[in-house]
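After this come two complexes, each holding chain A, first together with chain B and then together with chain C.
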Partner chain A sequence: MGKTLFEKIWDAHVVVGKESGPSLIYIDRHLVHEVTSPQAFDGLRMNNRKVRRPDLTIATMDHNVPTTDRGLPILDQTSSIQIQTLEKNCQDFGIKLFDINSPNQGIVHVIGPQLGITLPGSTIVCGDSHTSTHGAFGALAFGIGTSEVEHVLASQTLWLEKPKPFEIRVEGKRKNPHAVTAKDIVLSIIKHIGTGGGTGTVIEYRGEGIEDLSMEQRMTICNMSIEAGARAGLIAPDEKTYDYLRGRQYTPKNYESLVEYWRENLKTDDDAKFEKQFTLHIDDIAPQVSWGTNPGMTCDVTETVPTPDEFSKGDPNQKKGAEKALDYMDLKSGTPIEEIKIDRVFIGSCTNARLEDLIEASKVIKGQKVSPDVRAMVVPGSQMVKKQAEEMGLDKIFTDANFEWREAGCSMCLGMNPDILSPGERCASTSNRNFEGRQGAGGRTHLVSPVMAAAAAINGHFVDVRKMDLS
Partner chain B sequence: MKGNVIKYERDNIDTDVIIPGQYLKVHDYAELATHAMEGLDPDFHSKVKEGDFILSGKNFGCGSSREHAPIALSHSGIKAVLALSFARIFYRNSVDGAFLLPIEIEEDAYNGISEGDEIDIDVSKNEIKNLTKNKTYKMKPFSEIIGKIIEAGGLFNYKP
Partner chain C sequence: MEPFKKTTSIITPLDKVNVDTDQIVPKQFLKLVQKSGFGKFLFFNWRYDENENPKSDFVLNDSKYDDSQILVAGDNFGCGSSREHAVWALQDYGFSVIIAPSFADIFFSNCFKNGILPISLDQKIVERLQQESEPIEVDLENQIIKTSSEDIPFEIDSHKKKILLEGLDDIAQTYQFEDKISEFEKQSIIPSVL
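Take a look at the complex of A and B:
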């Protein structure tokens, strides 16, 4: 019987293991950031261990760096300590670090692909759940905890149980691909399969609807695999993948011979078997807006906020969850999504802060002003994205519309730096999680695409961007 | 392993409510514990006792990979979380650092055990006894690797 792409990558990385039971898996790239690594480095020191492959380990600071002027000192002392600790750890253990002043600094999942560090067929880990993003390149990439970070630092391997392959087919063509985006596709998938729908699996996204996407859009899809509970999500590489990585700063010297190998090997065999399957038809899907407190609580922009009964379909825990979510979000069932007024807009995060995201959002706002009731910010995913956007004049479009244009980092996606919501504030956010308090205690998050966020900023409430000319 | 149950009758308890992002800069585990479950239940810290268990629904610990989540619960005194299912990163983090036992249960235990009940978990028999109600439920056995990591006292002592 044939193998899935995931199984081929897995098998190629087994150091020790049997068909059933745990396997020791070799890790090709380890990405490190300031928040989940300090205890891991402490552990190495305590046990007098070295980093086994510093050459395969790359660090940056993204989670709690301020997004204001990089020339200013960091006021939050605990953030400052965490950033200095990473600097010291990288120096002590000989790890390449893109620090706060580096032109390569940025969200770890944005810079990996941009620098050519992310490669097809490789295994990539990071102490961050959104490591699944790198799966867009046909890599097996997943988030790990700090104990595992220490294990990889020390041994370049991990003990793992083999997840099950899950096929998600995305079929059809979007009528308006500028208005209905990759974000809407992945939110639709999570809406259908639920936040635990992918637990214990590695998703392979396939079909015409995936092949049509650009690399940056594919990253948005794979990024949110974890929101469906999957260990990882991946997409078989194709010529778009190889073109994207060609000639980047860290792309290997023997790149073309690697591409030849990848073309031959990195695909799911026709007779391979998936343990689970789901198909989404995208011809008629609408822009999505989350209304609740997990990414599965999402509906079309044209719909109304559901009742707990409509949402739960008879599951008592789901019903309780929906009641609690509506209460937390201060929403009433039956309210049209388009009537929900917002206070804040955040365009940023490893889900949607790449150049294409900013280009698409800028089309919506060009020549217009942010609603006087709204505070809106753009946080580019990396300093490279920021520079490219500025070269195209996008910063001017955003600032002319009264958006704040900030430095790169995770920012208001997770509320670790000063960019947070105040209690009760409602935000249209291009990030990945709408959990209670995620963007600041008491803050209310609605997950949307960059174009939907931009349109909400201008109008002060959600609008169906299919009605706008975005070509 | 005996203790009392704190029950959260809902699914999808995420790591952002278990330990909100603003505390990921805190390295002192005792201080981290004072903020455990703050996003969901601000009274948690005052009511939790050493040796207590948490009981909850599906997909417990979904979201971020922060190991701070099982650490904060563990240093609050929680010895095990019983749930209908777990998000995988939280599940592994719980045992890798020997912080707490993630115990998968069935609907009978979820529905049968109430807030405050005293239960006795016997991992060797895969059994949970409800001492308050005099009932016994099955827990799902640990897989080979998880069982061995638990026995070893964490990932770094694990031998296949």
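Take a look at the complex of A and C:
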């Protein structure tokens, strides 16, 4: 029987395999950031252990860096200590670090592909659940905890149970691809399969609706695999993938010979078997807006906030969850989504802060002003994205519309830095999690695409961007 | 790591589904560079009001559960962020067993690195356990939970069981395979980053 792409990558990385139980898997790329690594380096020190392969390890600081002027000191002392700790750890253990002043600094999942560090057919880990982003390049990429970070630093391997392959087919063509985006596709998928729908699996996204996407859009899809509970999400590489990585700063010297090998090997065999399947038809899907406190609590922009009964479809626990979510979000069932007023707009995060996201959002706001009731910010995913955007004059479009234009970092996606919501504030956000308090204690998050966030900023409430001319 | 073999205590019922790691330990407490002392931040936003006074309606603030070591929660426990701080907080607070119908993958794996036993059981059994007011015994060696009225067997992977029972250091185990790792590296086609 044939193998899935995931199984091929897995099999090519087994160092020690057993009949049952976990296998020892080799890790080709280890990305490190300031929040989930200090205890791992401490563990190495306590046991007199070294980093086995500093040459396969790259670090940056993204989670708690301020996104204001880089010339200013970091006022939050605990953030500052964490950043200094990463600097010292990288120095002590010989790891390449893109620090706060590096032109390569940025969200770890944005810079990996931009620098050509992410490679097809490789295994990539990071102490961050959104590592699944790199799966867009046909890599097996997943988030790990700090103990596993220590294990990879020490041994360049991990003991892993083999997840099950899950096929998600995205079929059809979007009628308006500028208004209905990759974010809407992935939110639709999570809405259907639920936040636990992918638990124990690696998703392979396939079909015309995926092949049509650019690399940056594919990253948005794979990024949110974890929000469906999947260990990883991946997409078979094609010429778009190989073109994207060609000639980048850290693209390997023997890249073309690797591409030849990948073209032959990195695809799911026709007779391969998936353990689970789901198909989404995208011809008629609408822009999505989350209304609750997990990404599965999402509906079309044209719909109304559902009742707990409509959402839960008879499951009493889900019903309780929906009641609690509506209470937290201060929303009434039956309210049209387009009537929900917002206070803040955040365009940023590893989900949606790449150049294309900023270009698309800028088309919505060009020549307009942010609603006087709204505070809006754009936080580019990396300093490279920021520079490219500025060369195109996008910063001017955003600032002319009264958006704040910031330095790169995770920013208000998780609010570990000074960028947070105040209690009760409602935000249209291009990030990935609408959990209670995620963007600030008491803050209310609605997940949307960059164009939907931009349109909400101008109007002060959600609007269906399909009504706008975005070509 | 401290070995885990058996524990007996009353359960703490947390009647919620999809409890994410942002709730278990909110992000403002992730800036510490050590592993200890996270217990006081456990479920912080559910436990305390905006003035940091305990909320009387949250289960952890009920003193009858003060000595409980067993948390019984709803489906998909530990979803979201990979932060191991969530497990450090549960452990530091005093929990050594978490029972739920299902767990998110990364959280589940993080538990075993810190001597916490996560047990997934059928939804109906979990609902029964949430009503249990008498102490229950969780026996890892024999893979059985004993309540005042029933014995409930549970499944666990044999490798994970051994790690908990013996409190094994994962990395030391892996170093036994160092020659295999070196052998693998010789034939790998993925080059160094730098």
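What to note about this one:
Assume the second predicted complex is superposed on the first by the 469 of 471 C-alpha atoms of A that agree within 3 Å, B and C clash if a C-alpha of one lies under 4 Å from a C-alpha of the other, contacts with A are read in each partner's own complex, and residues count from 1 in each chain.
We adopt the following convention: a contact is a pair of C-beta atoms (placed from the backbone, for glycine too) under 8 Å apart; a residue touches a chain by one contact, two chains touch by 3 or more.
Quick caveat, the model's predicted, so the values are computed rather than measured.
In this superposed model built on chain A, chain B and chain C take up the same space, so to speak, and clash. Applying the stated contact rule after C-alpha superposition, one finds that A:Gly229 touches each of chain B and chain C. Of the two partner chains placed by the overlay, only chain C lies in contact with A:Lys96; chain B stays clear of it.
Using the contact criterion defined above for the overlaid structures, shared-chain residue A:Glu211 touches neither chain B nor chain C, since it reaches no partner. By the document's definition of touching, both partners, chain B and chain C, reach A:Asp128. By the touch criterion stated above, A:Glu303 is placed in contact with neither chain B nor chain C.
Of the two partner chains placed around the shared chain by superposition, neither chain B nor chain C is touched by A:Glu425. In the superposed model, A:Pro252 lies in contact with chain C only, and not with chain B.
Note on chain A: of its two partners chain C and chain B, the one contacting more of its residues is C. Counting contacts by the rule stated earlier, residues 16, 21-22, 24, 35-36, 38-39, 47, 63-64, 76, 78-79, 81-82, 127-129, 143-148, 150-151, 159, 161, 195-196, 199-200, 226, 229, 231, 294, 317-318, 320-321, 324, 414-416, 433, 435-438, 441 of chain A appear in both its interface with chain B and its interface with chain C. Interface residues of chain A, counted against chain B in their complex, comprise 16, 21-22, 24, 35-36, 38-39, 43, 47, 63-64, 76, 78-79, 81-82, 127-129, 143-148, 150-151, 159, 161, 195-196, 199-200, 226, 229, 231, 294, 296, 317-318, 320-321, 324, 414-416, 420, 433, 435-438, 441.
Here chain B touches chain A in the complex through residues 9-12, 14, 16-17, 20-22, 24-27, 39-40, 57-59, 62-67, 85, 87-89, 92-93, 96-97, 143-145, 149, 154-156, 158, 160, going by the rule given at the top.
The part of chain C that touches chain A in the complex is made up of residues 15-18, 20, 22-23, 26-28, 30-35, 45, 50, 74-76, 79-85, 87, 102, 104-106, 109-110, 113-114, 157-159, 170-171, 174-175, 177-178, 180-181, 184-185, 188-194.
In the complex of the two chains, the chain A residues touching chain C come out as 15-16, 20-22, 24, 26, 28-29, 35-36, 38-39, 42, 47, 49, 52-53, 55-58, 63-64, 76, 78-79, 81-82, 85, 96, 117, 119, 121-122, 127-129, 142-148, 150-151, 154-157, 159, 161, 163, 195-196, 199-200, 226, 229, 231, 250, 252-254, 258, 261, 294, 317-318, 320-321, 324, 414-416, 423, 433, 435-438, 441-442.
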